[in-house]
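Presented below are the structures under discussion, each in the form of structure tokens.
Shared chain: chain A. Partners: chain B in the first complex, chain C in the second.
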Partner chain A sequence: MSEKWSLHIEVQRQKGKEQPHFDRFDLEISPEATVLDAVEMIWAFKDRSLCFGHACHHSTCGACGMRVNGVEKLTCITLISEVTQNGGTLRLQPLRNLPVISDLVVDLTPLYHRMAEVKHPSVHPVEENEGVASQQIAQAGKSNNPYTRLADCIECGLCISVCPAAMTSPAYIGPAVLAGAQLAVVMDEHVCAIVDTQNGVWRCHSAYECSEVCPSHVQPAQRIMQLRRHLLSQRIRRFFGLQSLHQRKQ
Partner chain B sequence: MNRIFQKPGNAIQWFDPRGRQLGYLAFILNRITGMGLALYLLLHLIMLGKLAQGPQAYNSFIETVHHPVFIFGELLVIFAALIHGLNGLRIILTSFGIGVEKHKPLFTVLMIAALVSGVYFAARMIAR
Partner chain C sequence: MDKPKAVIIGAGFTGCATAHDLALRGFDVTVVERGPIANGTSGRTHGLLHSGGRYAVDDQESAVECIEENLLLRGLVAECLEQNGGLFVALDESDLEYARRWVQSCERCNIPVEQVDVKQALAWEPNLTSKILAAYTVPDATFDPLRLALTFAATAQTNGARFRLFTEVEGLIERNGAIRGVRCQERTTGKSSELYADCVINATGAWAGKIAQMAGDATIVVKPTPGVMVAYDQRLCNRVINRLNEPGDGDIIVPQRRMVVIGTTSFEVDEVDYIPVFEDQVQMMRECAIQLIPAVAATRQRGAFMAARPLIGSSASGRSIARTFKCFDHQETHGIGGLVTITGGKATTLRAMAEKTADTVCAKLGITAPCQTREYPLRSYREFRGSDAYQ
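Here is the complex of A and B:
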């Protein structure tokens, strides 16, 4: 028989306009279960009114992002044993900096809209260091038919929740969108106009925490810095009356 | 099920280091030192305002700031300036795309430099 841990799980609840509060549930669960399993058990056996997002259970859909003991996690891939101990407490809260729809569910619509606005590509060319033999990639590139791959970002919103800049201004377009723009920016000047603003790439405060919590290793912070470098070089080129990189490509 | 009437905090969240990594700690440190330096600037301007009240008022104020508490405060200002300045240098470099992948070791090295320089200044001040 598998080992069971006794846990106290505190879940932040909020329905409609009521004040947020925590409900506490006691649960017996395997340490090898995921946090999402625990939430589903609470829903199944303790409280059917609990709202939470979930779909794929294997870190592809990005629906089950929550704060687990204050840290942003994709709960379908976070084991109980990674975040607490036998007899311990798990505190589950919805993501920050996004409107709460109900309990643990937040509204990610602004993220989806902004991703579309910056033309975040769902596929992009494979780079030479991405696991496929570089010779093959080079040959594919020459034949004008480069290998493509699905973009890493699963639009889970963890990076927005952890970002201190997103905490200060809801107008900030956020790490995921800027990382998405970084993939598109070399192709499109329109995207530059969106991200080269006070609420775009220049609001980032270089905390790098978005890269730490990203479950897909998108490295939004590093992409934001690359984007800054790109935009700065564009500005310098414009200042000296040189052709922009976009114009040169056309 | 037990209901806990506890309002989740929000104002303090900017400065909550629990579960965060080095980059976020650098962010917190920059905010704290920045606010400290802004406060010092205000006090400094008030002190300079004493000049307008004549040499006697200024000299008596200078006598007061020789108290060890004020010297400790000056040391804090030096440490804050070193931490804020060197951390700012890291942000400038990474914002130009330099050392982005190495931002953590860069922060560690710069903070060691801040500590060493701060201790040097402290030793000189105490020896005075």
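Here is the complex of A and C:
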């Protein structure tokens, strides 16, 4: 029916406490298939011991992040044709700066826990500037917006994997969590105590790599900068004996 | 007295919800899953929390189940739901003809349906085709599949259930004509282990026939019936849009985050471990979506995926709990003790499926413990502890 490409796929493997190494698989696959399809085919037809993360296969769950030829990708929406060519090589590795469970799977639950701590809402009102849906919001009236939607951040960990600051300092809470705090509806003292620290918003080196790899419109780097401005203005207010503003700042 | 032990095979919607139910009923629960949470059919759903409207005409039992569970889940899992409702829209004379029967059926099933002016529907959803002839509101919603499963898993874990992910069942342990546990291998380390239980629950959905065969019971026939779904890169509607006619291909568009997802098709396969996404079906979905929302034509495709529904074969002789899903006690189907299979059903009815499964397990073991999952508040999906679930 459709064209097939021959690919050499190098997969980073790690079982138990052994050192990571690469296994090589040759695969015939459509260029329009996704990288996750390739991984699932290797598991289904070549090596049933391969471990990888996945669930929704359409970019809503965030479980299938990997490094593809060194670049962080959500593999369920990354087409083979976007990352290699016929006869080419794909090198697949787990995300960095997160605990590796085995092979290509990392444990994302520590990230979930931190997102809960900074009170990032998983569901929020549809906003006026959100593309085509904005017409409806305008019609509904801004103050009486009846629509909600699941948040942009799918907690996939790509931004944490690519972040140079996270690489040098494991205690750094990372771009997803800081962006999550910036998006929290109410930034109370508890959240401030987490983000307004050396391992919080001030650890970021402004590399903006997080916004480059984010597959889900979050723009963590820009949010970190907004969070810094907000926290600085709080400090200045405190210095002059004014009440702090705990409400979310856009 | 020691707690009764249950081993659940599969951490999809049914396995996670059954773990939650049995943990509340005082069981010592272990869930074994060969991959991560919700990696099979459950993860790859459309994400539609059904109002039941889709089934109201042809399958009223399913429709009633859907609306009951829909209303219940809104309170229990709000953290993973977009509760914006849905519209059923008629585009031609045949749809209008169907609408009369549909409205009556929905009333009989207690699904709150309200006709709205076409102008009102278009004001709510300006991207909807201007060709609509009639529109009705229904209480549909959208869910995040992984997070829905994790919500039940996190609550079960909090109440003592253990999850062993990336642990594949290689065989069942049988003694004196009864299943007494599972032999499994940890895929993360290669280590093998055995788990003993008073009851093993096969919650593997489209794979349930294979596990039943491990017990020598070939009477459970599951027909894996995949369908394709396609996601587009804009939130083109805020409500779920349903074509008002008999259930068919590509008749539902579900908004989710900043996407819309159209589905689905339906065909049978034998092997479900890998099902390719067929390009002709993706094209067909696109055409169906454009009929309802013309702007899809100018919207980038974001992803296409395939999920295998676990439809139950007609030759199955198990006790029917409802038409949507079935729970088999293998003592009754094949004279094998210690094994219960739950399969069929849909995401919307996950809690009800778990309740019926736990009822069956309790009756089997002579345990009296009422179901608490209708009112028991669920934990956040974010509380799931991977450190306890990965070996």
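Keep this in mind: the second predicted complex is superposed on the first by the 222 of 250 C-alpha atoms of A that agree within 3 Å, B and C clash if a C-alpha of one lies under 4 Å from a C-alpha of the other, contacts with A are read in each partner's own complex, and residues count from 1 in each chain.
What we mean here is this: a contact is a pair of C-beta atoms (placed from the backbone, for glycine too) under 8 Å apart; a residue touches a chain by one contact, two chains touch by 3 or more.
Values in this document were obtained by computation on a predicted structure and should not be read as measured data.
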item: Partners on chain A (chain B, chain C) - clash or fit; value: fit
item: Which of chain B and chain C A:Ala44 touches, first, second, both or neither; value: second
item: Touching partner for A:Gln93 - first (chain B), second (chain C), both, neither; value: first
item: Contacts of A:Pro170 with chain B and chain C, given as first, second, both or neither; value: neither
item: Touching partner for A:Ile77 - first (chain B), second (chain C), both, neither; value: second
item: Comparison of chain B and chain C by chain A residues contacted; value: C
item: Angle, in degrees and to the nearest 10, that opens at chain A between the C-alpha centres of chain B and chain C; value: 170
item: First (chain B), second (chain C), both or neither touched by A:Ala221; value: first
item: Which of chain B and chain C A:Glu10 touches, first, second, both or neither; value: first
item: Nearest Cα pair across chain B and chain C, whole Å; value: 18
item: In the complex, chain C residues that touch chain A; value: 35-39, 42-44, 47, 78-84, 123-127, 142, 144-147, 149, 166, 168, 187-191, 229, 231, 234-238, 255-259, 261, 273-274, 276-280, 295, 302-306, 380-387, 390
item: Chain A-touching residues of chain B, taken from the complex the two chains share; value: 1-8, 13-14, 16, 18-24, 26-27, 90-91, 94-97, 100-101, 103
item: Of chain A, residues touching chain C in the complex; value: 1-2, 15-16, 30, 32-34, 37, 40-41, 43-45, 48-51, 53-63, 76-77, 99, 101-103, 105, 107-110, 112-113, 115-116, 122-123, 126, 130-133, 135-136, 139, 146-152, 154, 216-217
item: Chain B partner contacts - residues on chain A that touch it in the complex; value: 10, 12, 19-25, 46-47, 69-71, 93, 96, 164, 167, 205-209, 211-212, 221-222, 225-226, 228-229, 232
